[in-house]
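Order of writing sets the chain letters: A, B, C and D. Residues in each chain are counted from 1.
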């Protein structure tokens, strides 16, 4: 069965979600991935939003994390203070997996969603952290969605908005952050994981028809490709779920 | 902060009284939800200038205020608006053209700053942001801070945990309290004294209100005090924190107000198209903001038919099945 | 902390599983309101020992736990019970006889300590207590603290305001976070996954729950999940924080549970008479606590007639006109 | 019209409450005083409780600050965190007047509600602070109810639970507390105020039939009696309000 790149990325992300996870969702594809996981491989995962909605029912796809669609049928609707505390608190926070996007990611999974150029006089300004820095600071596992382009995988970020592994093994702890950090970077070409020892990004999966070499050419820094395998394409059933249940109006996909 | 009296005013009077040039302001809501847009447009119409704005993700209302030239400084976590504008367009443009001063925080940091302000303490601790440029890069210099008594002397402070690693933290980030001169929120229900009942998510509205010297509440309905007092636990804001109550149906339009109406995808996609071009944006302002005398007139341009399309469904609280492509 | 599963248990099993000798415990409610008394009595019946208890003004439930010999250490703001017992009698006696170790805080300090625990930060700042003996006199020595990894190394810390007088504060008191092993609360409505709706005042229950490693919720009613989810903004506690849900009608008796029943003035005045005399108190325990197999049997001793007398009036939420002399 | 001492004390306290004040109430006579003020001289005052109830309707007298009677008809029911923040926050806190009781008060209005004797091994243990230390730390004005007995007005407190003026003028500020402090001590014999300059207690009113000398004999420390006047007895109308509206069942009075 044919599938689009977005559909593949969604399924690759969904596979990273474990049953029972509390899934912190941003806008767009991250919501679709979380919804897909709930229907496919993690029926008891819990979708939650920085705006304070916990276990939203999501009958329709929200267009923002404050969309009234995240409020409907939730277990609890509160506010920002409560939702971030849920992640900062180790008792509840250790069950959370975050899904983030950014303008740039470096080899340690640090993210820039603030600007290109000088901070005070940027060439391009983006939205800024929102809750991304908070999630990245607090939770033990994060997925990162990226478009695979050279300028988006720079050697040095223009601005470090959200902490990954900072400058490598032990750096989070030295900075005073909790252990944890990003677990996977999911792009339009493949999926990168982080080495347990060095905390450096390496290629884990290339998509069917994509060469590892092509992936390397689309990054400023180079990564280990020796562990890369071809990704398993989405099952027919998974695609049906995406198309018929999760996003029937193709608002995101 | 006012007490036990009726506080109903017109929007024009409320803005004229409590929003002054150069004042420090915050608005309620979050991206597409419950921004006090009628008040925002009225501030623009009254040509308020040099506002110092505190925002977490109140990107949309803040973006119009920036577009209208009302804001000269902004402390902000997120200048975005969901799918309609991943980065708020006038915000982006104003920064790139060096038209405003700005300083970045995270959403939790901004929420905590309002929380500290509401609690009456100088700061609150968090573990967010350690090792990032949010801590290292300041938008406002120490020199500028020293000249403005309304600003703390530092953006942020890092403190070694004085309780020797307690709760596993070796150090913490202290974020300073915010106490705006004026906070404006839009809620579903309020009584004439200012007690509010917010439906759906409350975001950081409650702390923003309690941290603020003056508070304007705009509301879909002014309801009977006795009705609100049948369930006091559902009223997040007691009247003691409120200065003015303004009845503004569709006061969050073009954004949503849970259980009343949805965001208007048509208005939003038009508006972001206009926002991308300076000339078109000027035309947009002339037509939809300066060209109308009040929010009601804006709504009449939009038309009944469109307002009916976005009317909230009773069961879900939003416009079920609304065409949002 | 548990997740997405049904959690209904018997009270006996819940206490057996989650309340272990020596564990650190907190209970919900405030003086005469929503103390989880059924759970307290069950803890006494199971003869739990050496509990380390955190309390703001949960004087009543805590007083019985002290009377039953379950508690060896208590951090507390208020050992009192309104008019019935301005100082809790077994608490007073245990301190005067040196039977327990204790440390004093204020109500706000204890609330903030739970809040810090719920937020996952090591401390929170307040301006309460400067210049008082609450800061100067510690109940637990530095030496004792050093031997117990579950205690912070200090009672309290005073910090010069690092933001140079911001918000008018020259210095602040830092109170350390609390993370109990187990918190037990009693609520009006919960679903079988643990989502709770508290009616009336919530005191510090929500932060106590979120700060705790395990949580037992006892409730008047186990209600349908869909019903609770029609108004998610009224559910203060989402299921993710809850370990066990126990259906215990009259679970706060002899104290009140807003909208369900009032406190029982007859039981309370009897109980405080008994509490004043060691022999009588022992008899009281034998009859009302150890002598019954569960809460239901206690209620049957009290009798239907008395329970009807304290039934809450629909309009007011309490027993209007109840004879409380 | 005849009146009891408790009734007189209640009215003396009510007179200290100004219209528009937010009145922090404890259990017992402080509630009655606040209710009386609302019916007599401060109709727009707002009664509130540390438990989180604001502007309670109080159709019946509560027996504790967590009594469901304080929840009924309130503008808002929240919790401890919100109510103490209302007082710590200068914007709202500056409108609050506290009413407290204690086991001991010293000449600077500092209160002990913790113990008599050594803290760790007391002869008599009391309830402890509850919210009293917080209120006394935060709000600009406090009323204190006391029984006039020598041991209750000691030169030195056994334990300083709630701050008054600490050791005199400027001491609150030096300690880091907010300005403010107790304004009146209302006893069964008279009313004491605090000197603007020295912050020492002085006798402001003796009750009809009470000698200033008797008041001095019932205190360990001595106070200035030169400014004392006889208190005006409660008006007939005030007593009627107390007896018929505020506490018809004599639960407190």
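In this section, a contact is a pair of C-beta atoms (placed from the backbone, for glycine too) under 8 Å apart; a residue touches a chain by one contact, two chains touch by 3 or more.
Since the model is a prediction, treat every value here as computed from it, not as a measurement.
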Rounded Å distance between chain B and chain C, as computed from the means of their C-alpha atoms: 37
Distance from the mean Cα position of chain B to that of chain A, given in whole angstrom: 27
Whole-Å gap between the CA centroids of chain B and chain D: 40
Chain D residues counted as touching two or more neighbouring chains: 53, 71, 77-78, 88, 90, 138
Per-residue overlap in chain B, given as positions that touch at least 2 other chains: 117, 119-121, 126-127, 167, 169, 172, 179, 200-202, 233
Touch-based graph of the chains, sorted into line, ring, star, complete or other: other
Complete list of chain pairs which touch one another: A-B, A-C, B-C, B-D, C-D
Footprint of chain B on chain A - complex, ascending: 27-28, 50-53, 59-60, 63-72, 77-81, 84, 88, 90, 114-115, 119-134, 137-138, 159-163, 166, 171-173, 175-178, 249-252
Residues of chain C touching chain A in the complex: 1, 3-5, 117-121, 179, 193, 195, 210-213, 228-229, 232-233, 235-241
Sites on chain B touched by chain A in the complex: 29-34, 56-57, 59, 76-84, 86-88, 91-92, 95-96, 98, 104-109, 111-112, 115, 126-134, 137, 139, 158, 167-172, 200-207, 256, 258, 262-263, 312, 316-318, 320-321, 324-325
Chain B residues within the chain C interface of the complex: 116-117, 119-127, 152-154, 157, 159, 161-164, 166-167, 169, 172, 174, 176-177, 179, 198-202, 233-234
Residues of chain A touching chain C in the complex: 20, 22, 44-46, 53-55, 57, 71, 73-78, 85-95, 138
